[in-house]
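The block underneath contains the structure these notes are about, expressed in structure tokens.
Note that the chains take the letters A, B, C, D and E in the order they are written out, and that residue 1 is the start of every chain.
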Amino acid sequence: MTPALPGAAAGAGVAAMTVPPAAFLLVGTLLFFIGVAGALLKRNALSMFLSIELMMNAVNLLFLTYARMRGDAAGQMVVFFVIAVAAAEAAVGLAIFVALFRARMTIDVDKANLLKW
Amino acid sequence: MSGPFLHVTSADLAAVAPEIVLALAGMLLILLDAFARPARRAFPYVALAACAVANLFGNYPSGSAFSGAIQASELTRFVDLLALAAVVLSVLGGGALLERDRKDQGEFYALLLWSAAGLTLMVKGTDLLVVFLGLETMSIALYVLAAWYRDVPEATEAGMKYFLMGAFASAFFLYGVATVYGRLGSTRLDALQAAAAGSSAYGDPLVTIGVLAILAALAFKIALVPFHAWAPDVYQGMTTPAVAFLSTAPKAGAVVVAVKVLMALAPAGLGVPWRPFLAALAILSILFGNVVALAQRDVKRMLAYSGIAQMGYVAIGLATFTRPALEGVLVFLAGYLATNAAAFLAVAALSGGEREPHPLADLAGMGRRRPFAATVLTLSMLSLTGLPPTVGFIGKLLVFRAAVDAQLVSLALVGIFGSLISAGYYLRVVYFLWMKEPTREVEAPAEDVLSGAAYILAMTAMLVLGVLPRPLLDWARTAALSLPR
Amino acid sequence: MSAQMIVFALASALALVFALLMVVVKTPVKSVLSLVVTFFGLAVLSILLAAPFIAALQVIVYAGAILVLFLFVIMLLNLQKEATEKDARPIHRVLSLVAVLASGGLLAGVTLRAGAPPVPLTAPAAAYAIPAADEIPLLGRLLFSDYLLAFEALSVLLLLAAVGALILSKRRFE
Amino acid sequence: MPTTPFSPLGADLLSTLVFLPAVGALVLLFVPDGARKTIQGIGLLFSGATFAVSVLALLRFNPDLVGSEAFRSLMVDRPWIPRFGIRYLLAVDGLSLSLVLLTTLLTLSVLLVACGQKIDRFKGYVAAFLVLETGMLGSLVALDMILFYVFWEVMLIPMYFIIGIWGGKRRIYATMKFVLFTLAGSLLMFVAILFAANVNAQATGIQTFSLLDWVPAALGGAWGLTPRSEALLFWAFALAFLVKVPLWPLHTWLPDAHVEAPTGGSVILAGVLLKLGTYGLLRFALPLFPNATARYTPFIAVLALIGIVYGAWVAAAQKDMKKLVAYSSVSHLALVVLGIFAVNATAVSGAVVQMVGHGLTTGLLFMLVGVLYDRRHTREMADYGGVASQVPVTTTLFLIATLGSIGLPGLNGFVGEFLILGGVFKVSVLWCAVAATGMVLSAIYLLTLVQKVFWGPSTVAANRGLTDMNGWELAGALPLIAFVVILGVYPAPLLNLVKNSVESIVQVARVRMLP
Amino acid sequence: MTLTLSEPLFNALLAVVKILFVWAMTLAALLPNLIWAERRVSGLIQDRPGPNRVGPLGLFQAVADVLKLMMKEDVVPLYVDKVLFTLAPLITLTPALVTFAVIPFGSSIPITWNGAVRDVPLVIADVNVGILYIFALTSLAVYGIVLAGWSSNDKYSLLGGVRASAQIISYELAMGFSAAGVFIAAGSLRLPAVVEWQHAHLWNVVPQFLGFVVFAVAIFAETNRIPFDLSEAEAELVAGYHTEYSSFRFAMFFMGEYANLIAASAVVTTLYFGGWSLPGVAFTGLWGGLASIAVFAVKTAAFIFLFLWVRWTLPRFRYDQLMELGWKVFLPLSFFHLIAVAAFVAASGR
């Protein structure tokens, strides 16, 4: 069967995967760990949180890949919820950063040392 | 199979009735705060009433609901009550303090109620997605509560640290769920259990890694070494009455979820392959928590490390993972809730306030000046040490007994070694309270009727359950029996 | 090499490179932008995985809202480059980098070599199967049947987040 | 599982006995701090009533019953945590009953003396002693291991407060050391209890913590412990008790605790708490682990001998009266341990008599030192000297107590020591000889104490205004003196009381020791 | 479905043709004329002639303007962030151009190929998440402004960027909710389906007038047009995010703004005014197809005129008024509208 471009294929039916699923999983895993690295190495709270967002999205990719492998919509549902939760988290997180900045004038994590790490 | 479309039965609603009550009460509080500010003195009572009503609805029938997304059981009822109890104590003890600091917005109580609702939903969840949503509801509310004194740098810093690390842990939770889903084809614990039972799942490295990631995320919420780093900072900076909640019920919830995950994804023989992992967490937590707590000079920070150690004892129960051990864990958690919440409330009542640190030295002489709160704190210290006739002893008795019965004497020995070390710092608090003359005047908030009620409640729980633990034990037993397998 | 393969290669390269850039870059704004590009790559990958709805959602919510919020906050707080002074915890950083590299490599290896899942990829249950034509009605149907509770729980979560964010970012005290 | 119906004044005498003091403490909670007279009244009422109940128990007890039958006469047995077979099991035999009487008597005396002295935070002081009394009595009468452990730990807390709040300058150090030493031992015992329960359950199929079930199983060989397990269990138990005794080299907490404790604390500590260690050995360690007992007897005996000599030697070098008495306790209790591990009827009954006797005499000594300290706020012997003329009553009583402690025939100490030495002699002449040296030394240092403090020229001016014991203090001390004399002259009732208990202990300890 | 090897190629070719056509229409035809149109309309409204010297009716004014801007010296201030400063105008332009991909600009045209006649729909990509695609892109438009504001390293620019980000996020919600009503009615997220539904029933503007009002206002806010152009507000912020821009880069912002305007008009037309359809008229065959394109163009142009009209008629809001309006008026209105539509659809049993 000839591969079709996914955009065109979406209306016509789900085409077979020519890219091995493991490749998607690999990308997802790598992205996840890039996110982990960022979360651990960044010094700015905001950048750390960005990295965490990347982790979440990497997980989403994993979910989508597995959902595709199994032809199962449950994985997509989970991603839907994860995206919503991420938005909620972002709102609260950023509000906390703003509050912290107002109180301390910095959100450098290394300088957030009123409480001993 | 897909469930019925937009179809909710009364049994479904009954199963989440407590959550509904809590959520609605939270919304009511927000509206009240917006439109009835003058009635702010009534907010704590509204929250308490919500808890009471939620408790009235707590007698829902067991069984799965919402097309199998959740599973109501004795166990969830047990955790419901723990969550409500923690909220009640926190509200009772926190009212006066917040009012003094003019921080008694309705949102505080609303967030507490919502957090509790998320917690109970998390425990009910059979679908890991529901578990995740419950976990996040609980956690996000707590992130906000951590930074509740948003003009206090320490509080916002605590909020930031808790938030960052919490979000980090959530990502790992999701990673675990994704992996397990990919390998076993479902996010539902019952389906996972069925799938795993008939396959080579237990040897699959990715499934193992997935479960590991989920457990690590839960261990973060429980604050087990090496996933504990947030606890001391957050406890220290967070509003003390909110810590009374944070440090108790959410941990219980996370423990129960961990048990459910292990039940589903550990092969028959009850989690034995996970034993080294859990035992390592237990040993590290007990030793690290207790030793570092010895060095602390801030009460809240000390209690944070002590909490890490206490959860180490829980981890002993998890590592043992026999039915009596799980029972013991539940009893331990219930006792810990009353004890630790009481401790934090008393610390709040005996310290200068949320805008200042809580050095141990400030407790000096409080035995004479504030005998009531000091007695509560003393009692909770004894209970935390695990000395009879307090409920802390009963919990340890059950957990250690289960460990010994499972031939894990060495774990029990580590446990008692930790208890011995812990006596050093718990009794130091008692020493400051009763045996040391104050070096400076501390402006402690006035006690009101509500906090008095909180003290009496907590003391009763600590002592009565310590002497006559049978009702608690029986209930914990039925709760543990309601677990699958 | 099929068209799918090419698109996959491009999109994943984009995602990975800009993800790395996001970590390496010192200016928060540029980190955010790199992440936007990464999310684009991810969206393309999602389309490849027959999830155009999710792809759109991802762009709308992440790129369109969350990251804009990040930018907003960055500009509001006027965050410049990360501190360049001496690293307070160099050992900590090196150690965590090593740990991340090791565990990431390990996991990537395990993922690649994992082989067939223990529960085989059989024909899925009819209800969850992604149909040939249009996945959105299915997702909608699932959302209001099996995931009804989750959906409602999500509503509380969002309300709570809104309330929390609001109260934390208020400047004045009563 | 036999249960006893609740009847307040019948079989449940023991519950009344144990919890009466705690009720008193509870009542005190509702009394205002300043109402000293009321507090005194309540304290004396409840401790007096407890003493009365203990006497009642003595009257009801039939000393002629043998073996486990002995326990049945006053037994209370109710389920407590039935799932694990944990019971509320209280019972007494001659051994525990004699110590119960000692406890109630000493507590009453201590409170009487306290009434005559100026004590800060008096309410708390009285309440702490009442709670402590509950703990001590509970430990003595509980036969369920968990229940025993509960009471055992309950003793710790009031003692922590008594030393920590009303103690001397280094009270914090002393009290922490006391708590940590004791706790270390008892926590180890806790795990051992759990382990033994597991062993028992596997051997007999019954979940139980009752000593009455354990002992037959252990002695009958049903437990089937490997020597290593038995040794570990034995040591876990023994350590808890030996710390409490305290046996050399575990004794270092004792001088600190004694010196820093207030008078009443020292009296109870020396009079009762130390005895609970030896009681535990007799009641639990020996019968449950006969083989290990046999194996480690020489080792413990050597430690005990070192303790006897060392304690005496160090006591002789002390300048502080309390420290001196404290080290004398180390020495005397080591003798008791030696007697216990001689495991024959003579030595063990001697040990029991000596336990009671030492409780009386050492209690008295601490009490009288306390009387002096209350007036002069110093315990240095050098600060006294020749005060006999100022305080003739104190001097007299002190002399009697000293002589009783030394073992002067006609006073109680003599009976116990003589029996122990006689029993030990049967086992080893060498042990007996070394132990006797300790006795001689004790005569030397105690008499030196009396000599330095009471006789001789009165050199210190501050002692001029020294007043003698007041009525309360006298009321507290006189009963003890009476018993010191009575038991010395006519020890038969005590010996008779404990005879069967001793017999059964010796019996069970012999079962497996025979090759 | 049997596919021959060249089928995808043919599809791709068709797509390219459509893309070229749409871009030609917007970039080459509509966009330059808009510059002229805006100035003429402003003249009209202010009762003056407007540009009328360059070419007939001043029609070449746009060319002249563009030439002038391109000839000017390209000033790049010293402290700007060079990369982002250059990227920002491009980013503004791109989403608008890509938006057209899912908008049906006509009915269909029959084409004979491989011996078979097939109706080629006049939409570049008929994706089943059409509207979400548009939302995704419009939500990205803000990046250009925000980045311009940030990279300029200028306080006015920065404030402009901050305002733009807050404003766009605020109005996106109302926009999404009001548009959702359309898709509930049509039962699909595909834009062709929406147009077909309107063709078969009724233009959405009639039953969903409230939604239309909210959507239209939100569009103004999203495109930063007066009365919502707070991000450039020359009275307070000099020129907001493009204070530091000059020459061709500046022109690109303008182009971006107009391209956005065209795209927005096209979307409103599609969602609420029946797209390429006219009531009672069936557009079939080649000429029908072409006629439908013309109908679509006219409707869009009408909307563009509305934009211009408003711009030169209404004063600018104050920033806090803008936010209040968004959150306290339009958001609740859009909620209300959505619920009403949903209830109606549910009641009518579809």
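Everything below uses one rule, namely that a contact is a pair of C-beta atoms (placed from the backbone, for glycine too) under 8 Å apart; a residue touches a chain by one contact, two chains touch by 3 or more.
Note that the coordinates shown come from a computational prediction; the quantities given were computed from them, not determined experimentally.
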Can you give the shortest number of steps from chain A to chain B, where adjacent chains in the path must touch?
1
Label-sorted list of chains bordering both chain C and chain D is B
Need the central chain here, defined by C-alpha centroid distance to the all-chain C-alpha centroid.
B
Compare the CA centroid of chain D with every other chain's and tell me the farthest one.
E
A student comparing B-C to C-E should find more C-beta pairs in contact for B-C
Compare the CA centroid of chain B with every other chain's and tell me the farthest one.
E
Taking each chain's centre as the mean of its CA atoms, chain C sits from chain E at a distance in Å of 28
Return the distance between the CA-based centres of chain B and chain D, expressed in whole Å.
42
Cα centre of chain A to Cα centre of chain D, whole Å, reads 67
For chain B, write out the residues touching at least two other chains, lowest number first.
129, 133, 136, 140, 143-144, 147, 150-151, 159, 182, 185
Can you tell me which residues of chain E touch two or more of the remaining chains?
8, 127-128
Where in chain A do residues touch at least two different other chains?
5, 7, 10-13, 25, 32, 35, 49, 65, 69-70, 72, 74, 77, 81, 85, 88-89, 92, 95-97, 99, 102, 107
How about chain B: which of its residues touch chain A in the complex?
129, 132-133, 136, 140, 143-144, 147, 150-154, 156-161, 163-164, 167-168, 170-171, 174-175, 177-179, 181-182, 185-187, 229, 232-233, 236-237
For the chain B and chain C complex, residues of the former touching the latter:
1-8, 12, 16, 23, 26-27, 30, 37, 65-70, 102, 105, 107, 110-111, 114, 117-118, 121, 127, 129-130, 133-134, 136-137, 140-141, 143-144, 147, 150-151, 159, 182-185, 195-196, 199-201, 203-207, 209
Counting only contacts in the complex, chain C reaches chain A at residues 2-5, 7-8, 12, 15-16, 19-20, 22-23, 28, 31-32, 35, 38-39, 42, 45-54, 57-58, 61-62, 65-66, 69-70, 73-74, 76-77, 79, 82-83, 87-89, 93, 96-97, 100-101, 103-104, 107-108, 111-112, 114, 121, 123-125, 128-130, 132-135, 138-139, 142-143, 147, 150, 154, 157-158, 160-162, 164-166, 168-169, 171
Which chain A residues qualify as touching chain C in the complex?
3, 5-7, 9-15, 17-19, 22-27, 29-38, 40-44, 46-47, 49-51, 53-54, 57, 60-61, 64-65, 67-74, 76-77, 79-81, 83-92, 94-99, 101-102, 107-108, 110-111
Given the complex with chain B, which residues does chain D contribute to the contact?
80-84, 146, 149-151, 153-154, 156-157, 160-161, 164-165, 171-172, 175-176, 179-180, 183-184, 187-188, 190-191, 194-195, 197-198, 201
